[in-house]
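What follows is a pair of complexes built around chain A, which joins chain B in one and chain C in the other.
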Partner chain A sequence: MSVRTPAWVPALYLGPAVLVMAAACLYPVLSAFQLAGFDWNMGTQWGSARWVGWGNFVTAFSNPRVWSSLWTTLLFAAVCVGAEMVLGIALALALERPVRGMSVFRTLFILPMMIAPIAVGLGWRYLFDAQFGLINAVLQFLGLSAKTWLADPTLAFVAIVVADIWQWTPFVFIMMIAALASVDGSILEAARIDGARWWQQTFLVKLPMVMNVIAITLMMRLIDAFRVLEVIYVLTFGGPGDSTEILSLHIYKTAFVGQELGVAAAISVLLLVVVAALSWGALRLSNPMKGETR
Partner chain B sequence: MRRPAWLVAGHYAMLLVLAFLCVAPILVIFATSLRQQVDIFAEPLNFLFTPTLENYRAVLEEDKFDRYLGNSLFVGLVSTVITLLLGGMAAYGLARFSFPGRRAIAYTTLLLRTVPLAVLAIPVFLIWSEWQLVNSLWGLVLLYVAVNLPFTIWLLYGFVQQVPAELEEAAAIDGCGPLRVFSEVLLPLMAPGIAAASIFTFRIAWNEFILALVLTDRQTRTLPVAASLFITDIGVDWGRVMAMGSLIAIPPLIFTFVAARQIITGLTAGAVKG
Partner chain C sequence: MNRRDSLKLAAISVFGAGLPYSGVRAQNRYAKYAGQTVVFSIPAHPQYDAMMKILPTFTRETGIKVEVDKLAMGRMKEKQLLEMAKPSGDFDLGCYVVMWKGEYVAKNLIHPLEPFFANPALADPAYDMKDIVPIYLENLGLVGGPKGYLAGPGAKLYGIPYGAETSVLAYRRDIFAKHNLKPPENYEDFGKLLHVIKEKEGIGALASRGQAGHQVVHAWLLHLNPLGGSVFDDKWQPRFNDKIGLAALKFLQDVVATGPAGIPGYGQGESNTAFLQGQAAMYLDSTLIAGLVNDPSKSKIVGNVSWALHPKGVRRASQSGGLGLAIPKNAKHADAGFLLMQWLTSKVQDKAVTMAGGAPMRNSTLRDADAVRKYPEFITFVEALKYSNPDWRPIIPVWDKINVQALGVGLSEALTGKKSAQQALDDMVPQVMAIMREGGYKI
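Right after this comes the complex of A and B.
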């Protein structure tokens, strides 16, 4: 469509939103880069900040805690997203047939995503509590030994992974159910008539046809896995030690507990680069402007 | 093709197990909020406790609870209204006009959608201090509008595109003013998108607490921030904090039960044609 309109018309429609996003989102993001070059502590005047160039990056990257935090983040993202994709796709394949009452089940499945992260974190913190937690109570009921979940580095990591899988597997499931529902039934029918077995139908016909949705879902989950902060903040606050301190939390602690805002900004530039790379990939897979020639 | 009864039964059994897994932790939050401190400490597996509203009474009588509730409602509702208004206009502008810089705006918006909030926390704290927006509810509103606009614009963009421009032109030729074209042609067709965008925006503004923690004080705290302050090094007062968590969870739960379809539209937007 190419109606000739004076330039002020689109400006009128887009202006307010662009202005707000530029001032309150893009400008802060770009400022992070600038801040990363200054030695600046919380509570001091911005005027007293000292330009240190790459100094904060040197400080950040020579700190082993930053590296261990990056490793924790990568491991967390890989384990959570891997498990969520496998579980979500498997469950969707098992339950793709439309049945009566599915809309009720779908409503229940989205609850974990809608509820406040603070409530999710608190709920799991209580469930994993060594003394009063339901998980230990069930373990003991089954004759197994209770575990000090949130006090053990490995088990605490398991706990944040379990909470994330609980919250986000339904997302993959719902995306896949929707994608499988859109597969052309006649192609499957043809495969069936040609004698394709169940696994051939699934892996050679069905899944390749929804590969695009799988890829997009994977990218969306990966991006979000690198952005997680609040649930872990409540559940473990990065502990014990720094065993569950993902990058977002490390940035928060460096800035608002350690009060080293410049160093924290340098680390957030690192996180931003990782997420921007993933977003770029996601954009290439799913571009809402795809096919437009303007 | 009908499936044998045992397969259908198995299908439902699996759905029931999954639904239980999804709902159980949420039920635990509500159940704990209804237990007395002594019961919580005594026997976690005892579900036959006498429910009490004691925790809720304690939370509601808490200093300033009504103030925090008011703050949360204000921030949630005002952010949602402004985001929808600005986002709707921008989506319409992007979908209906071609102009220089359109692609640049579109792609920047898409990328802004994924910025981690932890990255925003530090510069926002500095800039908001400069702009005197720290400890002000409008400061939070501005931030939530900005971070929710990208998703809203792209969700609504898809909906505007589905409405043929010819339909609007026809209505205009029939003598509808621009406002009537909007309210009688565009709005009804965009309603599901608007519902989804409102819920997602309200959810972020109502639930978010890290940036709110950084940007608010005793007067301007929102409910999630107040709840997070219940967690101390000494321990957690489970009954009260769960009562607080339950109260925070209620509005999103209501939205989910009322508008599950629209939420799923929003979740799958861009990836699966709904």
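Right after this comes the complex of A and C.
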């Protein structure tokens, strides 16, 4: 005998969660849209803000620095997230089997993402220091010439990429090691019996089985890569020139240096659109919620 | 008791009662506020590190507690703006960078100080405002005068210097003696010396800032002013891309080429470190370095530094800038905040903070025998202050934006070779004009 659930019960159960989500997520987004319509300076009362309609969007999108920042951000996200995914998955595959001292390795690998971003930025700033940095000391020990890491546009970009990869590869590693642990051993056993080699087991069996987790991890890393601020703020402050000025740093400078909160909100809307589009793309790759719409 | 003894007793009673009068007055000044807590916004900065050593004395003497909110300089302004825009703020006293004074006043965020100093219940009669180095007081304290930030008609006092600085040349006397070199008197000698030191000693010639944003602009202004240039002309038209602006930028490019490696990524800390760790033979920047060069925990060049005036270009000029103290309009304990400001900048405490490694802001300290014995470079500093230019940078409300978002990017591009010096300067003109127009300047 089946009991028919009244139509209002799901609404009752979901209601509080929806309200909390709306307050926590939707309200700031709507506030950003509202702010993007006003000319408001920091340090002044909201009452003094002036309605400018689409003016802030026109100002923001006609500024070539916004588009160069967006390009830098896309490049940064592509290089960092690409490298982190490859390295994180490779590390997880290497350490999924029982190895002596595994717990030590795992703890060591996840340490970087537990460190506060400001400390990460400062640490790498000292490591990349042209005069006293450990990286140049190692290069010179190996007979190579020292580099002015943070003073050269290309090398500064390399520096922020290295810092991000160092900090966030562990996140991919953790996600993947958890996903790989949940793969049904009998399927791998069947593949082995059928004569599948290591690479076939990995690329044709294991990874497709954890593709949902890969997609979610990719999406989370993409979103984070677009929002990263503190490490670059400390490491290069967007320089030399604007070679490492990613969009979130440009928004920060527009808001807190230029004090154009409305223009900063307008650029934030652009960032939101780009991140939403990329997340949609990542979910198209493999949507874990697909087929669960009953 | 004879008549003479009676007179003595009477005299002692009268004068004995009178002597502690000022002390009693002082005690009364503070008594009303004892138990209050002043929340003080300060930066991570050598001056304020030194101040922390004397701060407990204030609480001991007055009963007023102090809670310090310490932030990195770059993050301090945004927090102050957010706090000061609230109906009732958390800060009772705040440190600000010279560039922010015009903006804070334009937004009506800080108190004018005249009413506090005119209040006999608060003001210390022994304060002696005239003893404060006049250029520091003008540069950091006055707003509303000519150009909006100079002394003259309309100028009002909004802040007191605390961490003020001028520019001097520090040089390694051991290296100069080894190669029989003399400190440069003018920019022509200075330019030649950069190459000579690089070739003969093999280390960087001059430590300099160069990081994109405020740091590179600061470095460029150090050369622009003595060479006779300025950012704007008298009608607020940009003139920084004229031949003097170009000469200053080319000089800075030369500093980068002959200096310690990595200057385009250097903030003030890295520039200081390069000199203090012996990677550069000269340092042309803030007088604040004086508190660090002879500290063995921070410096490898203890006892090897001499001082000279900022080299002369077409004119003798040295920087004016640094930090000051102001009272937010929305302070909960404005009077107690003023008392702390007054105490910190008094003659006695200015000497105390100087002896603890801070920078003096009073002439009496700069000429004090104990202070000069400890810091003989004060003799050079007093001379440099004669040439300190209050119009070193245009401290108008939109300067911070011009500084960081326009000039700070373009100059950095010139240092990294992305653009030629002339192209970088020319490309910044429309950006700067747009910011000026946004700020209400009719240009």
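Quick note on the criterion: the second predicted complex is superposed on the first by the 241 of 294 C-alpha atoms of A that agree within 3 Å, B and C clash if a C-alpha of one lies under 4 Å from a C-alpha of the other, contacts with A are read in each partner's own complex, and residues count from 1 in each chain.
Keep in mind that, in the parts below, a contact is a pair of C-beta atoms (placed from the backbone, for glycine too) under 8 Å apart; a residue touches a chain by one contact, two chains touch by 3 or more.
Note that the structure is a prediction, hence the values are computed from the model and not measured.
Participant: State whether A:Pro208 touches chain B only (first), chain C only (second), both chains, or neither.
Facilitator: Neither chain B nor chain C is touched by A:Pro208.
Participant: Of the two partner chains, chain B (first) and chain C (second), which one does A:Gly53 touch, if any: first, second, both, or neither?
Facilitator: neither
Participant: Does chain B (first) or chain C (second) touch A:Ala119, or do both, or does neither?
Facilitator: Touch partner of A:Ala119: chain B, not chain C.
Participant: Touching A:Ala24, do we find chain B (first), chain C (second), both, or neither?
Facilitator: Only chain B is touched by A:Ala24; chain C is not.
Participant: Is A:Phe132 touching anything from chain B or chain C once the two structures are fitted on A? First, second, both or neither.
Facilitator: The answer is both, since A:Phe132 touches chain B and chain C.
Participant: Please tell me which partner, chain B or chain C, touches more residues of chain A.
Facilitator: B
Participant: On the A-aligned overlay, A:Ala146 touches which partner chain: chain B = first, chain C = second, or both, or neither?
Facilitator: Only chain C; A:Ala146 stays clear of chain B.
Participant: Taking the superposition as given, does A:Glu230 touch the first partner, chain B, the second, chain C, both, or neither?
Facilitator: first
Participant: May I ask you to decide whether A:Gly82 touches chain B, chain C, both, or neither, giving the answer as first, second, both or neither?
Facilitator: After superposition on chain A, A:Gly82 lies in contact with neither partner.
Participant: Once the two structures are fitted together, what part of chain A is touched by chain B and by chain C alike?
Facilitator: Residues 131-132, 233, 256 of chain A touch both chain B and chain C.
Participant: Help me check something: in the complex, which residues belonging to chain A touch chain B?
Facilitator: Spelled out, the residues of chain A in touch with chain B are 1-3, 5, 7, 9-14, 16-18, 20-21, 23-29, 31-32, 35, 46, 91, 94-95, 97, 99, 102-103, 105-120, 122-127, 131-134, 136-138, 141, 166, 170-171, 174-175, 178-179, 182, 212-213, 216-217, 220, 223, 226-227, 229-230, 233-234, 247-249, 251-252, 255-256, 261, 264-265, 268-269, 271-272, 275-276, 278-280, 282-283, 286, 288-289, 294.
Participant: Can you list the chain C residues touching chain A in their complex?
Facilitator: Those in contact with chain A are residues 74, 77-78, 81-82, 84-85, 103-104, 107, 109, 210-213, 216, 260-266, 270, 273-274, 277, 279, 400-401, 404-405, 409, 412-413, 415-416, 418.
Participant: Show which residues of chain B lie in contact with chain A when the two form their complex.
Facilitator: Residue list for chain B touching chain A: 3, 8, 11-12, 14-15, 18-19, 21-23, 25-26, 28-29, 32, 40-41, 43-45, 86-87, 89-90, 92-94, 96-99, 102-103, 105-127, 130, 142-143, 145-147, 149-150, 153-154, 157-158, 165, 203, 206-210, 214, 224, 227-228, 231, 236, 238, 241-242, 245-246, 248-249, 252-253, 255-257, 260-261, 263-264, 267-268, 270-274.
Participant: Mind pulling up the chain A residues that touch chain C in the complex?
Facilitator: Those in contact with chain C are residues 41-45, 65, 129-132, 146, 148-153, 156, 233, 236-243, 253-254, 256-259.
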